[in-house]
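Read from first to last, the chains carry the letters A, B and C; within each, the first residue is number 1.
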Amino acid sequence: MSSQANAPFVHNAWYQAAWSNEIGDTPFARTLLNEEIVLFRDAGGCVYALEDRCCHRATPLRLGEVVPEGLRCGYHGLTFGGDGMCVGIPGQAKIPKQARVRSYPVVERQEFVWIWMGDPGLADESAIVDYPWNDDHANWPHKHGMYHIKCNYMLLIDNLMDLTHIPYIHRKTIGGGSRMDQVNARMEVKRTDMGVHYIRWMLGITPPPTYVRAAGFGDGVTVDRWQDFEYMVPASVIQWTGALEVGCGAEENRAQPGGFSLRIYHGATPETENSCFYFWTAANGYRQDEPQATETLYQEIADTFLEDLEFLEAQQSALEANPERTLLNMKSDEARVQARRAFDRMLKAEQAPLAAE
Amino acid sequence: MSSQANAPFVHNAWYQAAWSNEIGDTPFARTLLNEEIVLFRDAGGCVYALEDRCCHRATPLRLGEVVPEGLRCGYHGLTFGGDGMCVGIPGQAKIPKQARVRSYPVVERQEFVWIWMGDPGLADESAIVDYPWNDDHANWPHKHGMYHIKCNYMLLIDNLMDLTHIPYIHRKTIGGGSRMDQVNARMEVKRTDMGVHYIRWMLGITPPPTYVRAAGFGDGVTVDRWQDFEYMVPASVIQWTGALEVGCGAEENRAQPGGFSLRIYHGATPETENSCFYFWTAANGYRQDEPQATETLYQEIADTFLEDLEFLEAQQSALEANPERTLLNMKSDEARVQARRAFDRMLKAEQAPLAAE
Amino acid sequence: MSSQANAPFVHNAWYQAAWSNEIGDTPFARTLLNEEIVLFRDAGGCVYALEDRCCHRATPLRLGEVVPEGLRCGYHGLTFGGDGMCVGIPGQAKIPKQARVRSYPVVERQEFVWIWMGDPGLADESAIVDYPWNDDHANWPHKHGMYHIKCNYMLLIDNLMDLTHIPYIHRKTIGGGSRMDQVNARMEVKRTDMGVHYIRWMLGITPPPTYVRAAGFGDGVTVDRWQDFEYMVPASVIQWTGALEVGCGAEENRAQPGGFSLRIYHGATPETENSCFYFWTAANGYRQDEPQATETLYQEIADTFLEDLEFLEAQQSALEANPERTLLNMKSDEARVQARRAFDRMLKAEQAPLAAE
C-alpha cells in the first residue's frame, strides 16, 4: 500500500512536464520524479526533453544554448540532438558512440507538454489523458496556472477526492455559504477503468455568492448544484462543476445554457518524494464572450488553491514527522480511498516484474 | 552521563510551554521536546494542550479554529475537546472511539503555562517550581521575555551556573567595571534536594555603573554585592542579585530597602535536541513605583541575554562538530558540575525502568 | 582514484588560509579541510592559527579577543598563546598541562598566509609554491580576490586544465572573438615533478578585443598568443598569458615589452568536501605605470571567474546527485587527466601509511 506521507513514483506514465508556452528557444530545466530534465524547442517548433547532465563533465545542459543541431553544453561545447546523441565535440572529429545523454519521450497536446519518465518502449500516446476543452476556446475560454507545492503528489489527489474540505479550508472563499449543504451533499461514487468518478449533488440550495455573481441568478432563485470529479491514474483529476436553476432538470442534462458551469483540469507531477508541481487550467463555461469573466475565474481559483497549498504542506510535514502512525478514515473518505486503491494497483503492476526477479 | 552537546530530554517534568499572555482564542503552536503541540484557551479561560495533528489526515490543528466545543481541524472539520476526544465529525453521526488526539496536562500559574510532557499519570502539580514574585506586582514589578536559542537546553543552565563568564561575554554591558571583583568573588556552593544553590559575595567593592544608575549609590560609596542562584531540575534557575552599602549588614540580611535588588526567573524548555526556548522574567526590587525603572531593567536584561545567545549557539555548533572530544573543567565549574550531576540523577531515575526491561 | 564529485583532502600540504591583509588584530575564522580555524596577528605582526574551539567549554575562540599574551576566549577568559598552550585561567593559579588547543604551522609569504593542515612534523617550508611576482610591484602590479565556491576544490583545478571552456563559458567576456582559434590551439602538455605544465599557442591570429584595448595593438595587426599554465599539487595553478605581434619571435622569447602579458595565481583551498575558497591574484604586465589598467584587469578577471563559479557549482550539484555515474573524457581533457593523476599520486602517497596499518 502506498505510504500516506510519501507515495512512491509510478514511472511508466505520462506526466505534465510543463505548459506548452513555458518552452521556448532557451533551455528550460525542471526536476521530475527526482530526475533533472532539460526541455527545449527546436527551430521547427518540436519540443524535446533530455537529462540535464552532459556526458562529458556532468555539467547541467540548462546552462547551454539551443543551436540548430540541438542543445549545446555551455561548458566545453558538446552538442546533443533531440534524441540525446552527441552530434558535435569541439576540437575532435570522431564522436564516440557512448557520447549521448538520456532522451525522454515527449508529446505536446492540448496546451500540455507530456513526458514519459519510465521505459521508453512502453510509452503509448493513447494513454495520455484527453482534455479536449483546452482546444475549445470558443465554448471554454480558459487560463492556466502552476504551483510548486512541498508535498507528495498524492496528497493533492487526496485533497480533490474529499470535497468536505471546502467549507473548512475555503471558508473565507468558495466554501462560504451554507456549510451543511456542502457536507451533506448526495455523493455517488463509481470505480472506473482508470480510477474513480464521483458526483455530488446539492439539490434545491441557495447558490453561493460566487455563483450568483458569475451566472447572474436572480433574487430568491434556488439551484441544483453538482460537483463532478474524475480521477485518472496516476495523477490527473478532471472537474466539472456547475448549477442550474431548480426545475431545469439538471440531473438529467447538465449541458444547458443559462446556469453556472466551469471545468478544471488538475494534474500533479512529482518533483521529489515530498514536492510536486500542480498544473491546473480553469475554463469559463458561463460567460464565454467576456474575457474579464475568465480572468476573474482564474484569480478566484488561484486564490483558492493557495489555501489548499498551505494545508498540503503542513500535512506533509506532519506526516513526515511521524510516518509510522496510522490515520483514521471517515465516511467522507470513500472516493479518496478508492482513488488510492486505483493508484496502488497501478504501482503494484509496475513493481510486479521487479518483485518477480 | 548527559552529553555536553545534546543532553537528552527529561520527560517526566513540568516545563514552561508559554507565557500566559501568549495563549488566546486562536490556536498557538510550539514544538516542545520534539513534539508538535497546539495550545488554546477556551471561552471559560481554561488553557489546553493537544498534539498538533488531527487523527484523520494528520493535518496540524494549529490551522483550525477554537470553537465552543474545543478545537476544530481546519481541513475537514473534526472537532476535539480539551481532553483530546473527538466530539464532532461533519457528515457523520457516530464518532469512533479511536477518534482522539493526545492531550497534555497543563497548569497555568504565576503567569506561566506549565506543561507535563511525560506519563500523565505521574503529573504532580506540587512539583511545579514556585516563583511567587510573579504574583507580587507591588514589591516586584516585572516584565518577561522569551528567546528561541539554537542550543541544547542544558547549555543555558551551564551558562547560569558559572558566572565567571560575566566579565568576558558581558564586558560591554553588565560585566563592565572591575573584572577581578567578579572573577574572585567568594563562592559558596550547596547541593539541594532539587539541584544546587550558590551564592557569590563581592564585599566592599565599587558598585558597577548600572547599579549606581539603578539604586542611586552616592559618590565613593562601596557596597557588598551578592549573586544568589538556585538551579532546580530539570531546567529552572531562580536568581536574586543585589547590593547594599557597606556597613548595612548585607551578609546577615539582604532584604533591606535602599540598595539594589533584582530577581530573575530563567527557564529553559527544549524544542529539539539542539534548540530551546529561554523564558525569563526580570523584577525590579529597587524602584518599584517607577515603571520606567522596570522597563529599563527589562531592556538591559534583554540585551545582556542576547550576548549569551550568540555564545550558546556558537558553542552548540562547535560541540556538535566534534561531539566525542573531551572538555576540561576549571575551578569555576564547581556549581555547573553539581547542576549537571543533579540533572543526570533525574535523567537516570527516569530511564531506569526502561533499562530494567 | 579520486572521486570526481568529492576528491578527498590531501592533508600534508600547504594551503592558502587567507590573504595577508585579511589578518589583523581581531580573530579571523575560516573553516579549512572541515576544521574550524581561527587566525590572528599578534602585536609583533606574527600570524598564528589555532583550532577555533576552547578546551574548556568548546566555545569558538573567534568570539574572543587578541591580547598581548595571545588569544583570549570570550566566554570565561582562558588565554592561549600562538603555540596553543593555555597561558592564563581567570580565578585559577595553576594551569593544567592538558589546557591547550591545537596550533597549525603558518607561513606568511608573498602576500599569502599559508597553513599546513597535516602532521606538523612534516611541514617543510621549502615545499610552499613560489610566486615571486607578488613581490615585484614595479613590473607586475596586481590586485587579488577571493571567491567562496560551493564545489569540491578539484573541480576548480579541472576547470583550469581544459581551456576549451573559454569560448563557451566566457563567450560574452574573454571568450569572445574567434571560437575556433581557441578550440584549435596548438597544445603542448608536459608532466612535471609537481604536476603538469601546458602551453597553448594560437599563432597569427587576430587579437581578441580585450587584448587590443589592453595592449593597444594597431588595426589589422595579427599576433602570436600563448596560454601557459602550470599545475602544482595539490591545488595551485600559475598562469602566464599573453600575445606579441607576429614576427616578434614570441615562441622563442615571450618576455618582450610591447605586447600583452598577464600573470595569475590560482589557489583552491578546501573548506568542506563540497566547497572551497578560490584565491587569485592578477598582475598587469603591459601597462605597469597605469593603476587604472591594473584595476580594469582585476575587474575583468573577477567577472570572468564569476562565470566559472556558476558552472562549477552546478557541476558539483549534478555530480553529487549521481556520484556513481561515469564521465567521458574528450581529447581536450589531456592536461586535466594528467593533473588528476598527479593529484592521485600525492593522495595515494599520503594514504599509504594508513593502508599499511
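Miscellaneous remarks
Heads up, the rule we're going with is that a contact is a pair of C-beta atoms (placed from the backbone, for glycine too) under 8 Å apart; a residue touches a chain by one contact, two chains touch by 3 or more.
For clarity, every value in this text was computed on a predicted model and none was experimentally measured.
Of all residue numbers that take part in the contact between chain B and chain C, under half occur on both sides, making this a different-residue interface. The two copies, chain A and chain B, are related by a rotation of 120°, based on C-alpha atoms and rounded to the nearest 5. Centroids built from CA atoms put chain C at 48 Å from chain B. Multi-chain contact residues of chain B (touching two or more other chains) are absent. By the touch criterion given at the top, residues 36, 52-53, 55-60, 62-64, 72-78, 89-92, 96, 98-99 of chain A touch chain C in their complex. Residues of chain B that touch chain C in their complex: 4, 158, 162, 164-165, 167-169, 179, 183-184, 310-311, 314-315, 317-319, 321-322, 325, 327-332.
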